[in-house]
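Okay, so subunit A shows up in both of these, paired with subunit B first and subunit C after.
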Partner chain A sequence: MEAPKFVWEGAIPLQIHLHESQVTTLPPPPPALILAPRIGYLPLLAPLIKPYFSSTLPPGVDTIWFDYNGLPLKWYIPTGVLFDLLCPEPERPWNITVHFRGYPGSVLIPCEGEDSVKWSFINSLKEAAYIMNGNCKNVMNMSQSDQLELWHSVMNGNLEAYQRVSSKLKLATVDDEYASLCLQKSQQSVIETDLPAQAKTGRVPVRLYVLSVSKDFDDLDEIPRVDSWEKISYINRPVEIRKEDKCFTLHDALKILLPELFLDESLMNVKLGGVDLEDAVRNSNEDVTSDKVVEDQGQNACKRPEACRISSSAEIKLIRIQGIEPKLEIPFSWVANNLLNPDYFLHVCVCVKVAQ
Partner chain B sequence: MDVLHWDGTLSAKDFRIGAFAFAQKWESCNLAFPPWSWLPCPKHPWLAPPEEEGYLSLEKICISRPNEEEDIDQISQIDTGEEETCCSRNEDVLDDATLVQSNHHELHYCDFHIVYSSTFRVPVLYFRAYCSDGRPLPLDEIEKELPACASKELSKKWTFITQEIHN
Partner chain C sequence: MSREVLAREAINHAFKALKKRHLIEEGAHAPAYIALSRPIISQGSEWKEKAENLEMELQQCYKAQSRLSEQLVVEVAESRALKASLQEKEMAIAELEKELNQTRDECSQLKTDLEEKIRALELLMVEHQELKAQLEQMAIKAKNAEAENKMLVDRWMLQKMQDAERLNEANALYEDMIERLKASGLEKLAREQVDGIVRRSEDGAEFFAESTVPSVCSHRINAHEGGCASILFEYNSGKLISGGQDRSVKMWDTASSSNNLFVWDVSSGRIRHTLTGHTDKVCAVDVSKVSSRHVVSAAYDRTIKVWDLQKGYCTNTIIFHSNCNALCFSTDGLTICSGHVDGNLRLWDIRTGKLLSEVAAHSLPITSISLSRNGNVVLTSGRDNVHNLFDVRSLEACGTFKATGNRVASNWSRSCISPDDNYIAAGSADGSICIWSISKADIVSTLKEHTAPVLSCTWSGLGKPLASADKNGIVCTWT
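Presenting the complex of A and B:
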């Protein structure tokens, strides 16, 4: 179980600046340097941040919120996802601004501290449970103490405690044929009878965040800063893994989530900048033949997939999950079982270049 | 549709049909209220939203203190209309409550959206209550605004309202 451990230990170094409107002392306080867990949420850092700035804050009620380059950050999105989405070229440390006043109620839904974050988490977990098990009775029937223990394990980044409680939920895991094949090879004596019967699901909870850019770029730092949440599409849709002879890959999952980007694959291929697509394309689409020519400045479509593009549409430039850029041919079941967040959702960030 | 064996879920296509039927019924039964609009879901900023994917929207509803009996009748009518065309999850069911002006003589408004949930395969009612200056209303104030009959009827099913955003 290595990958989940890496996921839980993942962190974003933050350099948190107090917004100038709230600085009442001279000289202004230095920024707070805080290591934020990827799987955590920004408002949970309040107890760590407040001590740095409490002496300079103007009097009044504190409602913490953050912005990155002027964009208020949605507090219910895990920190790691915000970073992957808004910082395609990773900025280390990540410079964000903290506010304790002037909560932007027109952009952000209200947050009343840790409790709001907890309920948002539990609600996501409930939704994930429904997707995987067909009902959310397990989450609804959790005892108060189990619920608290689970939440605290997330707050404290304690994977062991989390697994102890979450295993009681008996959430189905995604059927991972690839992994079981590997297991059979490496372990001659897999004692299957000792393992409790594990329910399997074909439905994966996914939250997809799509950043659209209008200009092409070679380097990630050329991607313009996000100044509005309108540039980001949020797609909350489960992916149903289709049991076929071939392996269901991440590429296949994206085709389901963003069908408009993968129009007719028998005629053309999707260009994915910087990703070695050749094998993925050959494996995932048997229909593509080298005889078909795409209307693409006369270039032969399938011998060089990198050169293909859908003439009037969009292309995926970047995919990030837990800060990683996985290859598209990776088995989606592995991704679903290993890169998920504590709310059992797979949060995927995608950057799409659109032709204007 | 075989009602006896129906598991209570809807396909996206059936949601659209039901939504239109509901909107039509609403218009014929609720002359005091503006009609629901069907808005396409803008999936991506660069793409024209597909006609099939959309949601029902009813926004900026503000009811100045009216005749209470009148409202109660309208609410029960809405219930029957809804049952025939939609099936909502119990946890998030919120009656199309009529908002009554608060004691502070400050006008409160509410936006309603009926959105299809691909997770639960049912329609979900989202609502957002706010003051005339756009400030969101806290949950306890929203609960106070509900007419007494609605609160009583729904007190069992209504264990909590979930705070969430939709696509």
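Presenting the complex of A and C:
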């Protein structure tokens, strides 16, 4: 089975509890057991949840929102990403609480149901198109019916329909010589010749979620609960893969994304956010030699790819993409092509231990 | 190449991780969850389907409702209109009913009237028939009557004609006789007096009136107090005018029995003319026979004045030494005869006032002058108790009359000649009136009635009566 298929079929078992303030009947209703698609969004589950609790809800207008252990969940983050981020030790089923009243406008941006989610998705798609092509004409010129079809395919988890529509967009994909590894040898040559001429450099849109932990831990379930979004830093930075860079690994990408974690003491003053891509590339070039050393080290230590002691100050404890923790040696191009979300973004969750 | 190997290994590892995850997450939980959610989902989908169906129905219902409401509006409007028209119709019906009742009443009324009229008509027709029959009868009667009438009228006309013829015959005979009588009369007269006849036939023949000798006193009138000095008959009528001492002139109608009394008071001036001029009493007046314009008067101031009544003043004054007692106009109105105190009769021309002729008539004053009817002879009476007749033209005496016992009463006693110039009447002092016949030259009769001396006698122009007045103021008429 192809990786995208795994990705699209991925679903998280949720045990959704109705918040006690919303319970008007005795006994309180049992939690709803819902399978939420990883690539979907929480507000889209509202029609599935409501039937469970409609009889017990107090009268009034419903505005649905979720929280996990008191932390209101941001609805524009795909469900899988939320799970990966907030449950370092995966909790299956994931116990979250649903609210229908009292929307926390100070924490969450307003959500008016399916339409808000759809527009957010389309927006991300445009962003991705811009990053990849330099403009988002192809998304904006998409016909109404195509847009609807795309969105419905996402909602319903219909990969074929999605691939049908998205292929019209002609969003440049990253050249991946390792794609042949998944396919039969007979198709290999076909794929190679069919791939369109790529630009010299391919940019991969990445959304990076960094959970900062102050204390060191050995087991994942020792990670303290996230009780505020301030503990999570959100980095929206594209990764550029140069064509001549064979074996651009995830590790390399991370170095670009989080250069401060891979710095020598001499380069500790590099700015966060808004870092120039070329700088990042230079940095990665400079660090190539050290990389090799690291890789060699890492090769041995890749049995536990999570623990990469790069610098003494910060330590990446955990990297999760689509619910799996890939090895750092994994070619980033493969990652970029197979572990994408429908909005053409690569959502990466990282847990970093930051020294005090 | 180790890198590639590493990469491949990493990819495989990733695959395995994905599979594992799949198994743990959805692989493990999916069936249970799906089984649990099936009823909910199906319910949900059921509800969804129901909701959709209901929505569609609702939409349809809305459409239908809108259609129906449109229809309803239309229907309501129609019904209102119909109601209104119905009301109108009802009202119209009520009115028509009323009208119908009225007309029915009228109709019945008319019917009864008609019946009455028919009856009346029949009655009238019957009457008409009867009347027709009557009319026919009447017509026949009328016809008959007409025929009779015609016949009678013819007969009467015939009678009348016969009468007329007889009358004509009678008239013719009468005329014949008259003619013969006239002729014989004229012959008789012609034999009697040649002069008189010639004169009478010349002029005054028309005035010829037979006068009889009066014998009987028919009236006695107390005319004046204090005496009536003068009486005169109005010319050719029965009216007697008397003047008395009481200064009044009275007019008497002797012909009729009524006394139409016209009194003129001389002094008051009610008379038409008051002629002043004489300085002494007026003793004689005479009016011209030709025109009543000229009046002549004599007074004791030795003057004779001629007056023109139209002009109202004296046109001529004749002065003579001897007072005139009596005056008389001639028939032609140009000459005056006057009798004077010296006993002379004089003739004057009034236009020139010249003396024409004079004659000694009496030895004593003349008391009266009267002209005969034909104007040729004048009678004079004097105090010598003699009455003379003079011819006016020649002034020769034609006759003399006297009688014993006849004494002229006063200086102004008047005597007169009868209209047919046959008789002379004169009053005497003893109250008797003597009448002489001129032709016989002898006294014919003496009338005695008056108790006082008779002052004046006058003969009516008609021949009768004769009137006389005495000093007591009594007037007697004699026929």
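In this text, the second predicted complex is superposed on the first by the 278 of 356 C-alpha atoms of A that agree within 3 Å, B and C clash if a C-alpha of one lies under 4 Å from a C-alpha of the other, contacts with A are read in each partner's own complex, and residues count from 1 in each chain.
Criterion: contacts are C-beta pairs under 8 Å (C-beta built on N, C-alpha and C of every residue); 3 or more make two chains touch, one makes a residue touch a chain.
Just so we're clear, the structure is a prediction, and the values are computed from it rather than from any experiment.
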{"item": "Subunit A as common anchor, with subunit B and subunit C clashing or fitting", "value": "fit"}
{"item": "Which superposed partner A:Val354 touches (first subunit B, second subunit C, both, neither)", "value": "first"}
{"item": "Which superposed partner A:Lys231 touches (first subunit B, second subunit C, both, neither)", "value": "first"}
{"item": "Between subunit B and subunit C, more extensive residue contact with subunit A", "value": "C"}
{"item": "First (subunit B), second (subunit C), both or neither touched by A:Cys247", "value": "second"}
{"item": "First, second, both or neither for A:Gly60, with subunit B first and subunit C second", "value": "neither"}
{"item": "First, second, both or neither for A:Pro51, with subunit B first and subunit C second", "value": "second"}
{"item": "Subunit B versus subunit C as contact partner of A:Glu260, first or second or both or neither", "value": "first"}
{"item": "Touched partner set for A:Pro93, first subunit B, second subunit C, both or neither", "value": "second"}
{"item": "Gap in Å between nearest CA atoms once subunit C and subunit B share a frame through chain A", "value": "28"}
{"item": "Subunit B/subunit C common contact set on subunit A", "value": "none"}
{"item": "Touching residues on subunit A, where the partner in the complex is subunit C", "value": "3, 6-7, 9-13, 33-35, 47-48, 51-52, 90, 92-93, 178, 181-182, 246-247, 249, 295, 299, 302, 322-331, 334-335, 339"}
{"item": "Subunit A residues within the subunit B interface of the complex", "value": "105-106, 109-110, 116, 119-120, 123, 127, 130-131, 205, 210, 212, 214, 230-231, 233-238, 260, 314, 352, 354, 356"}
{"item": "Residues of subunit C touching subunit A in the complex", "value": "2-4, 6-11, 13-15, 17-22, 24-26, 28-30, 32-34, 36-37, 40-41, 43-44, 47"}
{"item": "Contacting residues of subunit B [partner subunit A, same complex]", "value": "43-47, 118-120, 134-136, 138, 162-165, 167"}
